[in-house]
Each structure stands twice: as C-alpha cells, then as structure tokens.
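Common to both upcoming complexes is subunit A, partnered first by subunit B, then by subunit C.
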Partner chain A sequence: MTIIDDLIPQPESTSTRQAIQRAVHSHRARRVAISRVMMVLCGVALVLTAIPLVLLIIQLVSRGASQLDATFFTKLPQSPTLSSPNDVGGVSNSIIGTIALTVYASIMAIPLGVLTGVYLAESRSKFASTLRVIAQTMAGAPSILMGLFGFTLIVKYFQVGFSAIAGSFALAVLMLPVIALSTELAVRTVPDTLREAGLALGAKPHKVSLKVVIPSAISGIVTGCLLAVARAVGETAPVLLTVGGGYINQWRPLDPVSALPLTIYSGAKSEWPAQRVQVWGIALVLVAFVFVLSLSARIWAARKQKRNS
Partner chain B sequence: MTMSSPDLIIQSEELAEVNSASSSRGWYHWLLVSVSALFALVSIAFVGSIVIYSLPAWSHTGTLLTGNGWQSPSGPFGGLSMIVGTIETSLIALVVAAVVGLGTSLAIVFLVPGRLRNIISTFVELLAAIPSIVYGLWGFLVLAPWMLKSFDPFVNKLPFASAIFGSPGQQFGPSLLLAAIVLSVMILPTFIAISREVIAGVPNDIIEASYSLGCTRWQVIRQVVLPTAKIGLFGATFLSLARATGETVAVALVAGSVANAQFHLLYPGTSIAAWIATEFGEAQGNEISALMALGVLLMLINFSFSLISRSLVSRQRKALARV
Partner chain C sequence: MEKIVSESTSSTSADQVAVKTVSEIAMSLKDVAVSFNGKTAVRDATFDVAKNKVTSLIGPSGSGKTTLLRGLNRLHDLTPGAKVSGTILLEGTDIYRGDITVTELRTRVGMVFQRPNPFPTMSIYDNVVSGLRFNGIKKKSLLDEVAEKSLRDAALWESVENRLKVSAGNLSGGEQQRLCIARALALEPEVLLMDEPTSALDPIATLRIEELMSTLKERVTIIIVTHNMQQAARISDDCAFLLMGEDRAGELIEFDTTDKIFNNPADPRTLDYTLGRFG
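Moving on, here comes the complex of A and B:
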C-alpha cells in the first residue's frame, strides 16, 4: 500500500487527496476480490477434475475386485448359455497372450531402443538429429497406426498371418521411440567428467560407454523401459488388428493369441451381463499392473538418484 | 533438465577420436550406427507400408474426403462422418480439458500445500498411464447408462437444444457427446501433468518480485505466470489434441460406431481411428485400402500436431533458459 501511496502525486487540498486514496483503496479491494474469485474457480476446477477420475478408480476397484478369484486367473473362457448364464470361465488365455506379447515386444524393442538412445546421446551428427525428430514424432503417433503397420508388414507382406509375433512387432514399434528417447535423456545427464576420467585412464571409447556411462545412467534407462512396457501392456488398438484372438492357451510366436485389453474390448459389448461384469476384473488387473510398474520405476529411480548424489 | 554443455561433449569426443585413432572408429560405433539405421528403416517402413496399402483408395479421393456413408464391402467409402466426428469430439474434449486442466494445474501449484502437492502430482501422472480401454469401459458401462437415464431427458427439455444435440426424443447411450466427455476425462491427466510442470517451471524470483510489488495472487498468475508459461501451455494443448484425435478403442466403445452421421451431439457417430478399429475385422480388398487411407489422414493430422507442439515446447525451454 505504501508504495502506491508514495507514487501518487500529493495534491494540496485534503479532500482531493482523500478522494484519490479512496479510489486507490477501492481498486485494491476489487483486485483482492477478483483474485479470490479466480482462485476459488481454480479450486472448483481441481474438484471437477477429481470427481470423474476418483469415481473411475472407486468403481474400478469395487466392481473389479469381486471378479478376481482362482477361476479368473486359471480357467479358459466359456460362452455362457441360457441355462447357465453366469458360467463365463476365466481369462487365462488372455493373461498368457498378454505375457507372451509383452515378452516378445520387449525382446525386440529394449536392445534396439537402448542402443539407439545411446547413439542419440553420444553423436552430434546430422543423422542423429534427424533420428531424434523421427523418434519424437513416432513416440506421439496414434497406436492404431502401429496396428496398421503390423498388419501390412507382418500379416500381409510377410504373410505370417494373425499371430503373436505380428502383435508384438506392433507393440515393439510403439515401445522403441519411448525407450530410445528416455535412454538418450538418461545418458545425457551422466556428467562429462566421468567420461573424460575414463578416457584419460586410457580406456577405449566403447569401454567407457559400456562400463562407465551406461552403468551410471542405468536407473534412467530401466525407468524408461518399464514405462514403455507399462504402455504396451495396456494398448488395445495395435493388438486388435494383428493378434487374431482365440479361446485357448497359446503363446508361441506364430500362434494367434488373445490379450487382456482385447478381451475388455469384446467383453464390454457382450450381451451377457456376467461377461460385462468380468471385464471390470480384467481392467483392474491391467490398471494395478500399470500402477505397480510405474510406481516401482519411480521409486527405484528416486532411490538410485539419492544414492548417487 | 540438466544438459551437459556442448563444449564438453565436443572435447570428450575429440579425446575419443585421439584415443581410437589407430582403428578409426571401432566396432562399437558401427554397432550404434547400424542399430540406429535399423530404427530409421523401421520408421520409414511404418509410413511407407501404410501409404502403399492405401494407394488404391486415393482414386476416389473426393468420396473419401467428403462422402457421407460407408457401404461395405464394395463402397462407396465416404470419410466425412469420421473426419467431422474426429474434429467434433476432440475439439470439445480439448476445450473442456484445457480450461478445467489449466485451473487444476494452477490450483495444484498455487493452492495445494507442499506435501499434498507431490502426492497429487504423482497421482495425476499415474492416471495418465491408465490404458485408454479402461476409460472407454467406464464410459460405456457407467456413463452411457447414466446419460440415457438422467442427462438426455434433461437436455431434451431445454429450448433450442435440438439444434445442437439432436431432435427431442432422440435418446442413445453412446453418442458423440459421450465420446467427447470420455475423451476429456482421458486427456485431463495428460494435460495437467505437462501444464503443471510448465507452470511450476516459471522462475520463483519473478513471482516473488511481483508479490513484492503488491500484486494479488491472481495478478501474479495472470500477468507473470501465464505469459511466461504460454508457449509451453500451447505445447501441452497440442499434445493433448494429438492424443484425443488418435484415440481408438475408447471412442469405438462410446461413440456408437455409426458412419452415417447426423453430426448432432446426442446422435451416435464415430472417429477416424475408431472406425478403422471397428471395420477392420471384416474388411476385404478395397475396404482395407480405404481404411488405410483414413490411417494416412490420421497420420497427417497427428504428425502436424506433434511437429507444432514440439517446436512450441522447445521454444518455451529456450525462453525459460533466458529468464
């Protein structure tokens, strides 16, 4: 207040001065009032955001938890009949399918992605900067396009047909840029003094990279890989166009397989109420898996960082 | 972000070159280069294969872009309702998510006390990682029945509602409006996660300087924080828009999968990505290439959004580095 009072030229007549001061103070009152209203609106926005998201989590847990029993995890799905409308069986085929898809996709994407990321971080060539733009664009591409790619290249062009390998290829294409970019970020944060110390000791550049740089960046690299896996596990669109589905336990690369997100997609539209309830269990398993994976990645990275500093 | 200074990188690479002078580059370098080349090759094949398989459909470009109605299996294949559906749903979702999300981010940074702030931020980032099929499931099995029971009759009583929402008495569970709502709930965590980071990244000294000049909290936000964070916020907006336009299964579940759209919000419709997912299972021959052509459209839309958002975010980084 005093600053404002000082800034006002002081007129001789007291009445004018009081009038100006009143004006200034009422202006301040208005500013404070506007500020209060806007901050309340921000609070309202926070509540508006929280309502649907908290409701979603609550409904997911309350409807999903009751579905999780031994049958759910170990039995094959059954088509319900009029006489036994609640016999929907389990989803063991989708669990096995999702595990197979994720493992194959990780085997394809993690080595490629990590090495590409190391290259992006350590090279200053024109090719590296072009590749970075490509990786960033690919990382944001809609996942349905990965499905179309898996379909055109693996299913049609190589004539493999609908199979686990086609689905995991689509997922690997989805994971690759994510892993490459997070690896690049992790490798870039390794202090150059470490690199220089290694080189000064006479180590070959590849020794420095493999024995010094990558080990010190490992927490960031693993975090990136875990987040990519978490994303791949829940993706529906790429597997929808490539894996073929099925109702038996299959896991070999050339077999058509089922997947958890796929079973949610088809089960939600089922006309049997028991199947529409069962999908909440699958959704809960997926969300729990994704949460555990990203939380552990986060905690591990934080702990590693604390130890380093 | 801690970036090593460019000079240091140059120095260490020069050292590296001196070190390996005898064997010029070494196997490790060539391993990295060839793996990266493989990555580039995969990316080129990604764009190329979708474009090549879509080629037959471009002989009917006019129908594909402006025709209404999708007659499988032989055509004509009109993409109008998918294009309009994509624009309608993602624009509504974006406006809702940007307004509510910006308020939420400001509330998280300026209203919520420290310890709780970290918990909320982590929770928001976790929510952003929830698979989109779960949002779709929730919209389909929880929101759709609720809208059918409570929301639609209410809206139909409003005057002039029919112009926007559809004629009175038209009641569907799945609709474009429901798709827009589910999309906005889905992209909210993404938008908040980025915009909170951008807002929290505004340097504290200029905020404190404005407080010391007698600014109220809203004046600080309005005149200092938002202008400084502006470009980054636009970046967050385009990233959310890219996510909304590319969303597939959630929209396929809640939009109703109708290709002969009336474009009113309470009627069922579809989007480009959702329609590819819905039709692909039974598609043959020409229809596959028409769906691939829709994929090319989606790719063009998405790539242009991510180009814009990336250049905006990097401009924001530079601007903040100067402050």
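Moving on, here comes the complex of A and C:
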C-alpha cells in the first residue's frame, strides 16, 4: 500500500497554487499582445512576397493571353516585313522542340536519378556520402555550366553538332541531382519497420528496395521527378549553347531544334514590336506548363498518400 | 493471476521435468551475447527452446529481450557495429556459422513485429504471398492455395475473403497484425518470433492473437517477447527472465517452465519481478 500512496500526487499547498495562478494570469495579456504583433508581421511578409508574383502573373496574362490563337500553336515563325510588320507566324517549332528536349532529358535523367537516389538513401558507404556532396553541389551549380558541359562534350568532342540530343543531355545533367536528392529524401521517409518486415521474410536487400521501399516512396519520387521536369522545361542557359535553334518542326535527336525559352531570348531582343509582344504569349505558355506539372505532382502525391494511409 | 498459471501449466509441467532430447528442441542458445560497437546489450543467454511450445522472454525495459530475439533470425546483420557471439542452433545447425544462408534462415524462422507492419502499397493478398514472391515462387495456383491457408490459420480468412485485393491499410490494427502473422506463416516457418505482438492492440484484439497462438503452436514453435506478465503466464509453456545488470547490459537470470518462473522461481529477483515489485 505504501507504494500506491507514493504514486498519488499530493495536492499543492493553497498558497503555492494561488501564486502559480496569479503568475499565469498576469502573463496572459502580454502573451496575447505578442502573439497579435507576430501574426500581423507574418501577414505583412506574406503580402510583400505575393505582390511581385501577382504583378508578374497579371502582366503575363494581360499581355500574353491575346497572343494565344491557332496560329501561335500551329504555324511556323515568319519574318515580319515592312509591308506586314505584324505577320510573325507561330511558334510550333519551339513547342515541338521543347517537348522533344524534355522527353529525351527525362528518359536520360529519371531512371539514373531515381536509382542514384535509392543508392544514396540505402547505402552507408563512403562512396555514397561523397556522391551526395557532389549531387548537392551540382544541384546548386549555375545552369550555364550544364550548357557549357553539353556544348563541350556532345557538340564539340563527340562532334554531334548543335542538336536536340546535346540540349537534352545538358538538361538531363541539370535534372539528375534534383531527382537523386528528392528520391533520397522520399526513400528515407520509408519506415525501417517495412524494410525489416521484408528482410524477415527472407527477401534479399535489393528485393526489399525494389518491391517494398520504392513503391512506398513512389509519391515522393514522382513529385521530385515532375518538379525536375518543370525546372528543365523553363531553363534557358543549357539550351542556349546546345540546341542550335531552327525554323522547322522537327524532333529528331541528332538535328538542331528550337525551344520556347530560346525563342523568348531571341524574340525579346527583336526590333519588331510584334515579335516582342509574342514573347509574352510564349512566357505565359511556359508558366502554364510548369504550373500544370507542379499541380499534377501535388495532386498525385496527395491522392497516393490518401490511398496508403 | 497465479491461479491462471497453475491451471494452464500444471498439465505440462510434469513432462517438462524430463531432460529434452535433441528432436524436441527447435532452437538452442548457448552463451549468446549481442553487442553494439563493443557495448554489450544482452549476454549469458543459454536455454533450449522446446518444439511446438510457446517460450516467452520477459523482463523490464532494457533487459535485452528484443535484442536477443532479433539475434535469432539475424536481423542485427545489417546494423553497423552489431555483433552476436555464442552459439545459436536451429535444428542443430549453427545459424551464424553453419551451412545455412541468412535468407533461408529467415524463411525458417519467421517474425512478427511490435507494431503491425503490413506493406502499405500491397493488397491483403499480395501481403500474404509477399514472402513466397520474394523467394521466387510465381505459380498462381500455389500462391492462391497458400494465401487462403495462411489467412485461415491466422483466423482472418472469413473477414477478408471478399476483399483480398483491397489495400492492407484498410484493416484494423488487430486485423493488420493477424495479416502479418499470416504473412509469416505463408513460408511455413518452423519457428515464429513475436516481438510484443499485442502491445499496440486493444484487449479484444490481444485476446484473439493469444487464442491464435495456442492453436498455432501445434505446427510452429513460438518465441514471444512480452511486457505483459499475465500474457506470459497465460500463453507460454517456458519462460526466460532477463534483467539489466549493473553495467546496463541485459542478462538471463533464469529459464524454466512458466509454472516454475511464476510460482516457485529459483532466483529471488524473478519473484520480485513477477509479483510486480519492480519493472
């Protein structure tokens, strides 16, 4: 019985309790005031962050939306003349070029990046930690470096010339660390209890990775891949030095292609007002594309999360 | 509590006094110790696990019960710095040095964990047959047969028969744990290790798992870690009592029939623990 008596808390003496309650009460007003001030500060910060973004989107939509007609999407670009200064044609070649570049880059970067990420997450070796540092450095490197790398290696060294493959190679190098690091993060969130469950059933470690860990982390992996693709779509520097540009609809890997960011770059410098205005349309398309990709990544991840929980 | 013990084990205590022959022993531990980076977590574990019996490992937190259990299917292998010494025999084969691969060992010594851990991305059916698939068995008719048999053995078939393709995450906690038992049984193991299998479950789900264990031991030897002394008394035939030593390493204090451990233990510390004086 003595044990039980010890376990029951003795009531505080009345004076101590009153002192505590007084202290709690006197602090309450101060805490409420501080809380209000902090909330207002957070709100102001939010508005300040949102202003440039909202202005940008208003600009894009108000100037760009009028450019988006059938000609824009289906026709090739045209050189305006003095007699018809507004005949700039469309940007179908750049749209096709960007899609081709993105698809080739994804084919190269996604499998390699995902496998690297799984390795980074599952291995404790020295090599893995070295690789992680390299990936982190590459993820922060300026994208013009990827362009130079693609130019030096594919365009010059392998003598492929300006081509879709050179551009998508540069984009793939850009995507790789992003995919690898986000995959690593997703794989690390898979609880060890699931790995142990697999091992305890006599599964070899690679089987556990393939059949248990990757499926459990798939929503994070796919989200990372989609965000990497979204980033690659809008990158200018890597394609600037590699794809060569061109005024025909084509997607063959070894030939030069055009790309939307490239057309923005050249169009913005044009002396023809109609071409400078068209650039807003291209920018709107690019932003919409990235928006759709990010949104689908989020929706997909949320749905997958719901199904698994 | 003591009344339950004497009722449930009095019939078995008589034939356990006799020396066990090798064919009656599923696993044999001799001087087993586990250390992490040179720091001993549990030591001095020497006892024989009788075939088709339930052996419980009891003791307060930190006494090394789970650490010892995880040594029995080599789950420490992937932990850097972990070292298991001493001898563990499975049907006479040394599981660390003998002619047995770690994957083969794990198909013969199954495991059920503390928290139900069905694979969340797999259906109920896929969970049950996952062990077979991991080991290269693809024949649909065999998988179907084993799935039904294992789910029946785990007393889960009736409630999931019509939703085998549903994600395992939709089951209740107790059902998930029985699914994990079915998943382990699918490989027809000789020994089933259970690490506090009911600690995350409510009393009714706990009771169902306990009932299940008493029928399962007809075909599989069970070694269970439990914090719950009533549970150890209710379900186990033999009992190993572990305690944390002065250097914070767990050690085996006593191994005997559950009846002896709870009613007439050799070591006074065992009595103190089973009477609830500490731990």
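In the analysis below, the second predicted complex is superposed on the first by the 259 of 309 C-alpha atoms of A that agree within 3 Å, B and C clash if a C-alpha of one lies under 4 Å from a C-alpha of the other, contacts with A are read in each partner's own complex, and residues count from 1 in each chain.
Operating definition for what follows: a contact is a pair of C-beta atoms (placed from the backbone, for glycine too) under 8 Å apart; a residue touches a chain by one contact, two chains touch by 3 or more.
Computed from a predicted structure; not experimentally measured.
J.: Which partner does A:Ile144 contact after superposing on A: first (subunit B), second (subunit C), both, neither?
T.: The first partner, subunit B, only.
J.: Contact-wise, after the overlay, does A:Val61 reach subunit B, subunit C, both or neither (first, second, both, neither)?
T.: Neither partner.
J.: Go through the superposed model and pick first if A:Leu76 touches only subunit B, second if only subunit C, both, or neither.
T.: neither
J.: Per the contact definition in the header, classify A:Leu201: touching subunit B only (first), subunit C only (second), both, or neither.
T.: second
J.: Contacts for A:Ile99 in the overlay, against subunit B (first) and subunit C (second): which applies, first, second, both or neither?
T.: neither
J.: According to the stated criteria, A:Ile218 is in contact with first (subunit B), second (subunit C), both, or neither; which is it?
T.: The answer is second: A:Ile218 touches subunit C but not subunit B.
J.: If you tally the residues of subunit A touched by each partner, is the higher count for subunit B or for subunit C?
T.: Larger number of subunit A residues touched: B.
J.: According to the stated criteria, A:Leu240 is in contact with first (subunit B), second (subunit C), both, or neither; which is it?
T.: first
J.: Can you pull the subunit A residues that subunit B and subunit C both touch?
T.: After superposing on chain A, subunit A residues 124, 191, 196, 199-200, 202, 204-205, 208 contact both subunit B and subunit C.
J.: Within the complex, which stretch of subunit A touches subunit B?
T.: Checking each residue of subunit A against subunit B gives 1, 3-4, 31-32, 34-35, 38-39, 41-46, 48-49, 52-53, 55-56, 59-60, 111-113, 115-116, 118-120, 122-124, 127-128, 130-131, 133-138, 140-149, 151-153, 156-157, 173, 176, 180, 185, 188-192, 195-196, 199-200, 202, 204-206, 208-210, 227, 230-231, 233-237, 240-241, 261, 264-265, 268-269, 276, 279-280, 283, 286-287, 290-291, 294-295, 298.
J.: Which of the residues in subunit C end up touching subunit A in this complex?
T.: Subunit C reaches subunit A through residues 73, 75, 78, 80, 103-107, 110-111, 113, 115, 117-122, 130-131, 133-135, 167, 169, 180, 183-184, 187.
J.: Subunit A touches which residues of subunit B in the complex?
T.: Per the touch definition, subunit B meets subunit A at residues 1-4, 8-13, 15-16, 19-20, 26-29, 31-33, 35-36, 38-40, 42-43, 45-46, 49-50, 52-53, 99-104, 106-108, 110-112, 122, 125-127, 129-138, 140-142, 185, 188-189, 192, 213-214, 216-219, 221-222, 239, 242-243, 245-249, 252-253, 273, 276-277, 280, 291-292, 295, 298-299, 302-303, 305-307, 309-310.
J.: Looking at the complex, which residues from subunit A come into contact with subunit C?
T.: 124, 191, 193-194, 196-205, 207-208, 211-212, 215-216, 218, 307-309
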